[in-house]
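There are structures below to look over.
Across the two complexes that follow, subunit A remains constant while its partner is subunit B and subsequently subunit C.
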Partner chain A sequence: MKFRGKMIDPNCIKQFIGILGCMTKLGKSCILRITTTDLYFIVRESQTISASPLIWCALDEGHFFSEFGMEGLSTVDNEIYLEFVAENVARTLSALKVSGTAKSVKIKLTKKLSSPCLTFEIDLPSGTNHSRLVVHDIPVNLVPRRLWNDYLEPEAMDPDISVHMPQLRLMKSIVERMKNLANMATIHVTSEGLLTLTVETEAVSVTSHFDNLHVEKKSIGKEEEASVTIELKRLSNFLGHEQLNPQKVVCDVLQSKLMHLNFLSDSYTLQYFLPGINDQ
Partner chain B sequence: MKCLLDATSVKVLARAIHCLAKIGDELHIEPTENGLTLKTVNASKSAYSAFNFHLPFFLDFCHISENTIQADPDEDTVIKCKLPMKSILSVFRSIGSLEKSVETCNIMLPLLEALLIIEFKCKHGIIKHFNLRYFECESVEAEFCKSGYASKFSCSSRFYSETLLSFHSSTQEVTWSLAMDQVHLSNHIDDEIDPSKCVRTEVTLAKDEFVDFNVALCTQVTFCLKELRAILAFAEALKLDLDCRMEGAGQPVLFSLEKANLYSADFLLATLTPVLDSTATSSRTTNNQRKNYVSTQSDVSKHSSPVPVLRDKADSRTVSCVNLQTTLVPIVSESPCHTSRLDSLSLIEPQPFPAMEDDLDLEIQPPPPKRARARYIFQNCLKATQELRERPCEVFAPDSEGDE
Partner chain C sequence: MPHFSSQNISVEQNHVLMIRMDNAKIISHILKAINFKENSVFCCTKDGLKVTVEDMKSVQLNAFIEPGIFQSYVVKEEEIKFQLNLTVLLECLNVFGSSGLQSGTSPALKLYYNGHGTPVSILLEESGVITDCKIRTVHFDPVLDYDFGTSNVIGRIIMSSECLKEVFCELDSTSDCVQFSMSPDSANFRITTFGHSGTYHVDIPKASDVIESLRCTSPVSFKYKLSLMKPSIRPLGIAQKVSLRIDDTGLICFQFMIKVEDNHNCYIDFYCPADVDFEEDE
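Take a look at the complex of A and B:
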């Protein structure tokens, strides 16, 4: 198996590192799936109360990499699945952030010390026309073929109602405060473009209303509104990455079952499937 | 001793104290004819630093503590003392507020009172007066010769900082590999951890990036970053260049900086001893080396062969180094002496250890890592014979029922 990619555009580098950073904060280990056209980051968190949430991020390699080459497991299964420990990457990221000024970043799959690693080779400009080479080797595990089916692309869901999220920074600060009150909150979306977030404790109930949201889609024949109860901690973890600056974020709600957040941007998509909690 | 400093000098002094505070727990103050020297040694005795402030740094300086009651020129003494870092740091803690308000600073070591007196004359007529208790002591010395090092390179402190940015802040030790035209830095992974599970980072610096580069010996040197970061914090704030002198693996590294004829500083850092080829001796030597610096810090793996121990002879665990100590330098019993003279380094090769095997009891052997550490901790349980101690025959709580 081989993989080699090179990025030279500083914006792309920054964005890539940003997405990588986002992934590492969302779970303990992350799967990187490499195909001939895309890179996927998959984080499946371990179960807590309900079914596990899933984070699925797809990056178009053409946008990010100026040079890209890969050779998968076999000609039939021309893909590579790698698993890495999020903490390892998170620690290196602070060092990788330096590469904001990098001339180029090369990512390769290598074998060092007889175990596979993902090597980041960063070419930093320094002082007078010189370039400094910084190399980070992050140990990875190759995911065996039989487990590949665990990481299939989630099916496109048919939501009850789908709206554009309000400004993320605003949502983030509200969710942060609500997190202190209770673990769970109910999201309620109506077809008129109203989204409410409600938190209830014994003493108090707090609701935030966001209206005039653009309704992307609503299912005909179903209810005019939908709501789902979710874990606030996970939502706030995810909203923390609003610095990724997506072009739009769509929130799909499937009554009582699922909240789906979709960050859309021209070069990548990031989806977060938050399962609803049934405690009624 | 008494001296007077102006506002900018006070700031430099405060930064120097901050730097020393990150390295050691006690500050040694030694006034000399040429100025004031502040020194510290770190807890595991693997780093020595000294700041020398020359006469032009001060508005007024007198190294002698005069007898104010009876002026007696024969009795003039120079007081050398040490204080806990915490106390002096609390005086110079906030550089920002020192900058804003202090106009002059007066530091005195009077003969008759055992106090270090610091007086700040601040704006608006405010005077801040600090009395700090000190302990008298002999000086801490590290002898080293700047010109004796094989390799030397220097560049601005900012350059070093930028390089170190590539390493995560939790990296404790970095290995510097010197080659004729480049310096290669990599994070050092402890022997006990499987290196294939850790992230490895490497940075290569070309010769041209340095202001001055002269490598005579291609070698690899590993030392702790903590002290280097403290040094860089000082040097960067004052925009100074930092010289680095290295000899070889196991020999200490010398970092120095200076500002015209105002002040200069030297930092001697111990490096990791290289693992020898023969496994038997190597495990013992590295183990012995490791335990020279029984440190209160969690990172134990910092030792250097040539930096002899600043420990008293009573400590049986450092038997090996005590031998070295006696061959090297006559030591005043209380003072830790720290030599790294190049000609004496050959004495400090780890070879003596195998010969000492016969003498060493299980108890005296320094605790090596992993299993052997457990054996060391539970050594009493594993001993063949128990120590028979005479137990007192007095019965405090007799049986309430008689023996049957």
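Take a look at the complex of A and C:
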């Protein structure tokens, strides 16, 4: 198996760092899936989607990499699945951020001390004509072929209602505050484009109303509204990355079962599947 | 506010207290400084809003916000009192972000209360997003009513809070107590600590620029537990001026003047009884 990619565009590098940073904050370990056309980051806590959140990010390699080459497990299964520990990437990320604009970043699959690694070679500008190369090796595990089906692309869901997510900055702040008051919140969307977020405890109830949202989709024959109760801490973790500046964020709700957030940009999509919590 | 325009007039008539503000940050700025305990007692009269936070029936912080600070202040009874969790209230007031008083955003606020047993309702609006909160009120525990009649005051100082804040921050934390001393004969206002490494005196000359006025009818010197003084630090940090008054029992009252908008001030006062277990030294 081989993989080698080189990024030279500073915006692409910055965006890549942002996405990788987001992934490493959302779970203890992360799967990187490499195909001939895309890179995928997958974070999932347990096997079943119904039990825990799933984060799925797909990047278009053509946008990010000026040079890209990969050779998968075999000609039939021409893909690579790697697993790495989020904590190990954190140090690489701080090196990438602190160093300012790198001239180029090369990512390769290597073998160091007979263990597979994802190696980042960061070419930094320096005061003199010489280049300064910083190399980080992140140990990875190769995911065996028999487990690849655990990380299949989630099925396109058929939501009850789908709306464009409102002002993320305000929502992030609201969710941060609500997190201090309660563990769970209920999201309610209507086909009129109203989204409300509610927490209720013995001491206080707080509801935020976002109006005039663009309704992306409403399932015919189903109710005019849908709601789901989710864990605030998880929503807060995800909204912490609103500075990724997506072009569009869509929120889908499947009554009582799922809240799906989709950050859409030209070159990547980032999806968060938050399972609903049943009332006790 | 599209969703609340349908509220009918009869509901409005049930409000015994109604406050409207263009910038909720002002009230959260002041209340945050007195939030050293969760429980607070609100007392609303035609003279304004008084919020009290008390600890162990001894130290007490009171915030005063006069009606002029609000865009609208309606009180339908002579005195309206209720108790609620101040920490929860502050979370609600800061729901759109807790950046400082001077930053760009200013959420609009409407607060109303329908009387005993009902929750306090708060409506906040920013950039078209409306958040409505209902905070449970409980029957209030009576708070100490410190009465500082001017006839009992022995020593009184008005000074810059910046200077006092510097002194407080540098006080020897290994000392159990802090002592305040002044006398008609001495040229200084003296602050003393008794820590592991020794006794430290900070002397502020009466004639210095930082002291606006000092009046003292007879020598006064009292000790106060440093741990009890802690709640005064936050209001001291946001105030422009502070006045200190000590009465003949050693009760000290700090009054902090906080500028909130161009020509408006809010006040916070802090009461702390003297530590009487110690023998007073000279």
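Following the convention adopted for this analysis, the second predicted complex is superposed on the first by the 271 of 280 C-alpha atoms of A that agree within 3 Å, B and C clash if a C-alpha of one lies under 4 Å from a C-alpha of the other, contacts with A are read in each partner's own complex, and residues count from 1 in each chain.
In this section, a residue touches a chain if its C-beta (ideal position, glycine included) is under 8 Å from a C-beta of that chain, and two chains touch if they have at least 3 such contacts.
All values reported here derive from a predicted model rather than from experimental measurement.
Taken together through their common subunit A, the two structures put subunit B and subunit C side by side without a clash. When the shared chain is aligned, subunit C comes close enough to touch A:P166, but subunit B does not.
Of the two partner chains, subunit C is the only one touched by A:N180; subunit B is not.
Shared-chain residue A:D211: touches subunit C; no touch with subunit B. When the two structures are aligned on the shared chain, A:K248 is found in touch with neither subunit B nor subunit C. Of the two partner chains placed by the overlay, neither subunit B nor subunit C lies in contact with A:K28. Touch criterion met: A:H136 reaches subunit B, while subunit C stays clear of it. In the superposition on chain A, contact of A:R145 is made with neither subunit B nor subunit C. Between subunit B and subunit C the least C-alpha distance in the superposed model amounts to 8 Å.
In the superposition on chain A, the residues of subunit A contacted by subunit B and by subunit C do not overlap at all. Per the touch definition, subunit A reaches subunit B in the complex via residues 88-89, 91-92, 94-95, 98, 112-115, 117, 122, 124, 126-128, 130, 132-139.
By the touch criterion stated above, subunit C contacts subunit A in their complex at residues 2-3, 85, 88, 91-92, 94-98, 126-136.
Within the complex formed with subunit A, the subunit B residues making contact are 159, 162-163, 165-170, 195-206, 208-209. Subunit A makes touch with subunit C in their complex at residues 166-167, 169-170, 173-174, 177-178, 180-181, 202-212.
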